[in-house]
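The structure is given below, and queries will be raised subsequently.
We just call them A, B, C, D, E, F and G in the order they show up, numbering each chain from 1.
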Amino acid sequence: MNSIFEIDNLNLHYDDFQALKDINIRIEKNKVTALIGPSGCGKSTFLRCLNRMNDLIDSCKITGEIEFKEENIYTSNYDVISLRTKVGMVFQKPNPFPMSIYDNVAYGPRCQGIKDKNILDEIVATSLKSSALYEEVRDRIKESALSLSGGQQQRLCIARAIAMEPEVILMDEPTSALDPIATLRIEELMNELKKKYTIIIVTHSMHQAARISDNTAFFLMGELIEFDKTNKIFTTPKNQKTEDYITGRFG
Amino acid sequence: MNSIFEIDNLNLHYDDFQALKDINIRIEKNKVTALIGPSGCGKSTFLRCLNRMNDLIDSCKITGEIEFKEENIYTSNYDVISLRTKVGMVFQKPNPFPMSIYDNVAYGPRCQGIKDKNILDEIVATSLKSSALYEEVRDRIKESALSLSGGQQQRLCIARAIAMEPEVILMDEPTSALDPIATLRIEELMNELKKKYTIIIVTHSMHQAARISDNTAFFLMGELIEFDKTNKIFTTPKNQKTEDYITGRFG
Amino acid sequence: TSNKEDGFDKTKTVTVYTRDTSSGTRAGFMSGIGFNEATEDNSVLVDRFVTKDNTGILTAMATDEYGIGYISLASLNSTVKGLSFNGVEPSIANVINNTYELKRPFNYVLREYGDYNTIEEEQIVKAFIAFLGTIDGSDIISDKGAVSLDTNYTWDDIKGNHSICSSDNSGITIKFGGSDSIEKIAKALTESFVPKCGDFVPEHDHTGSTDGFKRTQGSEKDGDNAKHVGFASRPFRPDSEVGAPGTQGQLAWDAIVVIVHLNNELIDVTALDLKSIYDGTLSIWEEVIN
Amino acid sequence: MLNKRNIIDIIYQVITYLAASVGVIALSMIIFFVFSNGLKLLNFGLLVNDYHAEFYNGGIDDPIFTFSHRPISLDDKVFYSQKWGIGLVDSKDREGNPIIIIEYISGDSPLLEIYDKNNEESKEIIGIDKGFLVSKISYYDKNTSLTMYGAESMINDIESTNEIREIVFSSLGGGIRGSIITTLYLISITIIIALPIGISTAIYLNEFSSKNRLTSLLRSLIETLTGVPSIIFGLLGLAVFVPLTIRFSEATSANIVSGSLTLSVILLPIIIKSTEESLKVVPDSFRSASLALGANHTQTTLKVVLPSAFPGIMTGTLLAIGRIIGESAALIFAIGTAVKDDISIFGKSTTLSVHIWSLMKDEPANIELASTIAIVILLIVLTLNIIVKLISKRFIKEF
Amino acid sequence: MSTITRILNRYKNRRTYNKKEFVDKIVRVIFMMSTILSASFIIIIIIFISLKGLTPFVTSNSGIGSVNIISFLTGNVWLTGTAFQSSLYSIGFIIVNTLFIAFLSLLISMPVGVLTALFIAKIASRRISEFLRIVVELLASIPSIVYGLFGSGVILIFVYNLAEAFGIQSRGGNSVLATVLVLALMTLPTITAISEVSIRSVNKDIEQGSLALGATRTQTNFKVILMSAKSGIFASAILGIGRALGEATAVSLVAGNSKSGPSLGVFDITSTLTSTMLEGLKETTGIDYDIRFSVGLVLMVVILLTNLILNYIKKKVGSIDVK
Amino acid sequence: MIQNRRKFSIELENLNTKVFDMGIEVISSFKKVLIACKDSDIDLATEVKEHDIIINDIEISINVDGYLLIAKQCPVAGDLRRIITAIKISNDLERIADYSVNIAKYLIKTKYDNSVHIESISKLGEHIIKMLEGIMTAFKDEDIELALDINSMDEILDDEYDKEVKGLINISKTASNIELEEAMRALLVLKQIERAGDHITNIAENIVYLVNGKRVELN
Amino acid sequence: MIQNRRKFSIELENLNTKVFDMGIEVISSFKKVLIACKDSDIDLATEVKEHDIIINDIEISINVDGYLLIAKQCPVAGDLRRIITAIKISNDLERIADYSVNIAKYLIKTKYDNSVHIESISKLGEHIIKMLEGIMTAFKDEDIELALDINSMDEILDDEYDKEVKGLINISKTASNIELEEAMRALLVLKQIERAGDHITNIAENIVYLVNGKRVELN
């Protein structure tokens, strides 16, 4: 298995509360990995470990190892900023910056110090194309990103992440604020993207996980209950808890 | 067919924009009727016609007839306030008032002028029981409603509507802000409630409509494309547009 | 190039500080130095003069080494240097003996007799004015830094004439207003007079000399801010502020001191020099000091 | 590339920290200025004492001298008269003026016999004591001893005299109790007037009005009010509210009510704005929910919308109170500058900040006391701040 | 049918609804009256100020002659020449001074205030920011006279010494600079407080979005957070400039109250509409009194126009994307 | 706990019950047709033939229900297996019922006496009924062991049938026409039974799949 | 337009193709076994027998795919019908393949010459292949008309078989043992063909259901 993330014995505490318990998992490259589980089970927390967004939370303490491309990202001299350029993230609510569409996409590269107009233009165009947004916005690329619809905004956020040419894209419930048609669009998009990127997605919707992912991890109360091929999980899960959850018995 | 609402040639304009086009429909009593359709097709607008909540929108102009229990509700001397006590409503986001649980449920009856503590107590208890919340909150009925979880809050909103002993409950995407477990709870609850009330629910989720409703109406761009038994709609819809929509081809 | 030695550089320009045109101090000062045109007219003054209030001038002189300004003698303190005027040192003694010429009168004005709500009010006001003329009154005026007028009888001597003062007046309010320069003195006067006159209630609302006349006998005498007694820190205007006979009078003199920074070498200044400084003829300190 | 990025980053950081420290330092400097000037005068007495000193005119008819010696314990600064058995010391009052204080009076001093001269019949003994101020002593035979000449001269004068015509004692005045009370009155009355009108207006604009020309006209008129400088409000108060209160109440001049009315006008746009903001934050779904339950507009507004907007309105009110406390320009006209001890709402009196203003108008200005009052204002605002925070926190927590 | 149902139905069918709608109407009228009352004050003020303020232009001012409104608005000396000559009141230079000072003070207080707000909201530790927030809120409600006090006690000396260090002889520190500093200081808490609120209310999502793109904290703060809070920041500027334009007492303590101008050098003495209006307001009569209301009228117009312009810019800036 | 999806659970349960009931009906059909064979009871055979309509209806109803459940409830994992296996098992049961009907049809059509070969018919008949009963129990109890046991019983059926065929071929040279005809008729009946056995194998496969999600190829 | 669910549509398409391919395989099996009959080609028969494994695998794969698609995509309406009919048709196809295997097995087991009855076998064999080809075309084109036509062709099969049975019974009294045996063997082969026809009826039913969602009971 060609894994891009290798997580060993990951434990995470918020102050005294243990949010993740002894997680061991290997995330496959160029695959879509879905994280499912009931509310509060630690999906988002886990996801945010992978690009060290948890660093922002003071009370958060981490032990264990997370290796990204065979390098432990939780060492003190690891370059977090460059990690985040390699591991992009898309959030639950579309959160475009209040700037033009162009500036949104160019934001990341500019932060990296790229100033050349031509290069930026190309990055923006490519990213928008990859996120299947280009056709819809080409004529108003200088308009405010906030004028886009919810689904378009979310694709813009994906374009923004892609503009950094990351290797992994983390998505935390990226469609939960969208209507079903927009959701389908994003799902299709993920299907395209996985050819180039590794995608890890948190989703509340079992069926979304089933539809789009190659592998599925089921979390429960901070524990990784089951991790397997999605086909396996949704047809013949090994663990009764998983079965209970995906069939809606749980609660 | 024992219909509680009879809508004939309903047309609705927001200023120049026609949001509903010549709708004819009969809503069956003590059944769950689901309204589905893509975003902006007029589901909510239609729903809000039924208890004249559209009155609040200045630009909204209505023609056609809506008969509730064989009385046209859009006549000038029709008593809107009493209509709203008979046609309750539950909204997309759980919106309990920032008061205690008790006060939330007692709000409607109190607005009607009921002051007797005993009667109110009983109304509150009955409504909470009917909405399957009583057991969970009985010990903290005087606490703030905002301390409840999202799913509980939504059930509280249902209890609040039930407290008026309405005949119809309108629900506008009542579960779209909830997690899947809470959603299942609400769906179960609706199943109970339909024994006593007529329920009309707008939902974005085709599958929710399939799961819970007896009849389904499919709207598209302000038109009622198909209205039939849910079993029919989700297995063998008559209209190709309906099939396209429910199978996700549409968009 | 700086010729600064001992912290004072004579080649610098004089910064002229003045009160605004409505000020009684300014009126007194300008007439004292023979520059009457400047009383209510800024155009005759040197360019770029600075307009400040009393405190402003005082504090400015503590900072601005090259400034010159004027204040009431009562306000003079050790943070600035008060100059002799025409060779006479500014002191109360010199004011009393009339050698110090830079001064202005503190005046009062009453409501017209008969124009009071009650007879008691009128009598208390009369008693108060009488009190101003006693040694007890002038003691208080002196205590507050102004220069009192000559007198030789005490309140005890005349209090028999004012029977109103032996009754209980605690329900009667007497309103005082006018110049705010006189506010402190007026307050001290009423404070000490109140127990002597049946504990009437004094109410001080000092808003400026002009209001002194305006609110007792002028345009606002029947208005909401009407006063029983008004004060003015300047002579009443002969054209517009002439009251009924016996209702106006002087209660004290106020000496005006020309002040400069402590570092300034100047110790004495003449009226002519001052006029030249204020009209801009002398603009460099060298010209003044030599 | 990374290096350059780091450098730019650091530059920005430095700018931020620099600006923030300039800001913080400037703000702290003001606080420091206020405290360093005002702290020494701040004591409980200042807060509760009268502004006006109580004066006693003392007389003594036939003093009997016993010549008591100067007690050794007395400080060197104290000047002592053996004849009269009294020790005086120079000091300064709260406003910075020189005063003379009785530091010691011996048990057999003839001065203990002093009676109230204004009450000739009863000749009630005043009973002077340590701590009294002696503002002057006058004699039959020579010039009066005045405070301005100092304690030493007063002792010398008295020591050489056998008869005293009159001796004036007083309490220590200059307390700001009256101004504090006025300020509190003003706050309460202003809030009582402005809050209902402001909230009603906000409710009308936000909940009841339909979107038409008239509404937007009313709204812009009210917004325009924000741009009016407060001195103009003062003139309005003077021209409108002072006469109004005089016409319709026992008031005879500018008074607390006229001041409150003026402040109310100043506050209206602030209260309306902040109430509207907090009404806007109330989710529309609350309104819909209430209406859908068969409540009418009034019930919806009063029972649901207003309570939800409560914390916001509280904050707005706090802002308004801050404005009341800090306002001086308008009040100078609308309430006047008379400092009083007996406060009545239709009487004259003045607030803390006008008090500061008049102190600044004194010749010379009394910066210390002004700073002390500023400290008091700060403390009041701080207290209010904390109270409001606690209330709204509690409110938020509970509901 | 349960008893409750019966009771409820009784209530529901009691036909109290007409009464309810009637109550609605009454309440509506009451609230509308409040609104009209609130709105009427500005009209009263305008009428009142105009009555007085327009008098000098339309009457002969008891024989002195009416003031020429054009020269009043454009001239550059205030009451020089023989007193009470109607043609000699001019405030053109004062308008320039006022705007210049307000602009400069904003130039100082905006960056400092906004960055301080940024510091409080985003950089400082929780305790420090809590503390600073309280300090700022306190300072926002200190009477402006205290700022004047600070100005005359500290800033004048500072400016005087500063000028001296530059080899310039200032007029005791009374100057444009001192005025600007006092106003900047005075508006600082307001600007800081409001900007801080709007910075704090910037959606966390946006911040995280930026960080997740590999932007540094600083880049995030400057490029995204300030950008998103710009409408609040602008609102604070509008309020700040309003305060700066309308402030009278503090300004008159440090401006030097020049009578001619305009004063564009930083160490020049200056004057503002408010200080001019306030000066001797109580001591004057006739035209000399009324003309100050004319100044007040001009001040109101200036403030309103400034607000309009700033609001316009705000709208523009709100929709245009600043990089 | 199952609170959340009570309705769905009930519907699943109903589907299960329907399948089980269908099994009961099929068993009763088979029993009846065997009795008819034994007793040459044409009426009973006719009854069995007509009863087939009911069984067909049950199958259709299971299909419709299963299909609706899938469409409406989006089942996954065990739930989905249950529905799909219900559909498949009902299909097999319907086939099995058809075989009983086939036998009944022969009876009716030929109206002949089967008493000669009745022994082996009875024997296999009882055997198949045992298997049917067993497999339905296995289905009900989700008992894989039992299902596999039942499955292996099919071999006996096959052996028996082979034996019978061999016997038939053996006697065909010597036997009388009538004997031959009787034997052939018996063979046809036995053939139906044997084929029913095959379907039981299918059911067993489906039970295994239902319970543990594994597809096994039995027999 | 289909943009939104391209992946799903492709998967559905694949499933369809698999079913069609399976049909092709089954047809080829049948064709081969008929040739084997004609030519008594045991090798070919063995090949057919072994080929069955592949067909079984396809069926399993269709089942697995269908099941996964249901579990993962929550299909409704036409989509769901397509999956379920795919599963059902594959089941029938597998059965049909089994019959061809049965024939092959007989051939191998008996190693006898079938030339006597080869005519009717060939005739019915060609008929069934026509039916198979027709039904797969109907499936591919979702052509209900064609499906119903093919369905009615089943009657010919039944008639032919009945005729053959009657013929067999007729000759059984007079015919030689060998003749009899040949006739019986032919009968068994024909029986397989006849039963394959029944399954084609099922497929036709399923095609109707697939296209318009109606359940019909054919034959």
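Before moving on, here are some points about what is shown:
The rule we apply is simple: a contact is a pair of C-beta atoms (placed from the backbone, for glycine too) under 8 Å apart; a residue touches a chain by one contact, two chains touch by 3 or more.
Nothing here was measured: the structure is a model prediction, and the numbers come from that model.
Farthest chain from subunit F, judged by C-alpha centroids: C. A comparison of the A-E and D-E interfaces places the larger number of contacting C-beta pairs at D-E. In this assembly, the C-alpha centroid of subunit E lies 92 Å from the C-alpha centroid of subunit F.
Between subunit B and subunit E the centroid-to-centroid distance comes to 49 Å (mean Cα coordinates, whole Å). Annotation: 35 Å between the Cα-based centres of subunit A and subunit B. Mean C-alpha position of subunit F lies 22 Å from that of subunit G. Residues of subunit D found to touch two or more other chains are 5, 294, 296, 299, 360. Of all residues in subunit F, those that touch two or more other chains are 3-5, 8, 67, 71, 74-77, 80-81. Contacts with at least two other chains are made by residues 81-82, 85, 112, 164, 181, 184-185, 206-207, 210, 234-235, 248, 250-251 of subunit B.
Residue ranges on subunit E touching subunit A, taken from their complex, read 203, 205-206, 208-216, 219, 223-224, 227-228, 319, 321, 323. On the side of subunit A, the complex with subunit F involves touching residues 206-207, 210, 234-237, 243, 246-251. For subunit D in complex with subunit E, the residues that touch the partner chain are 5, 9, 12-13, 15-17, 19-20, 22-24, 26-31, 33-34, 37, 196-198, 200-201, 203-205, 208-209, 217-218, 221-222, 224-233, 235-236, 239-240, 265, 268-269, 272, 294, 296-299, 301, 321-323, 325-329, 352-353, 356-357, 360, 367, 370-371, 374, 377-378, 381-382, 385. Residues 2, 12-13, 15, 17, 20-23, 40-43, 47-52, 55-56, 59-61, 63-64, 66-67, 207-211, 214, 219, 240 of subunit C touch subunit E in their complex. Residues of subunit B touching subunit F in their complex: 181, 184-185, 187-188, 191, 207, 210-211, 230-231, 234-235.
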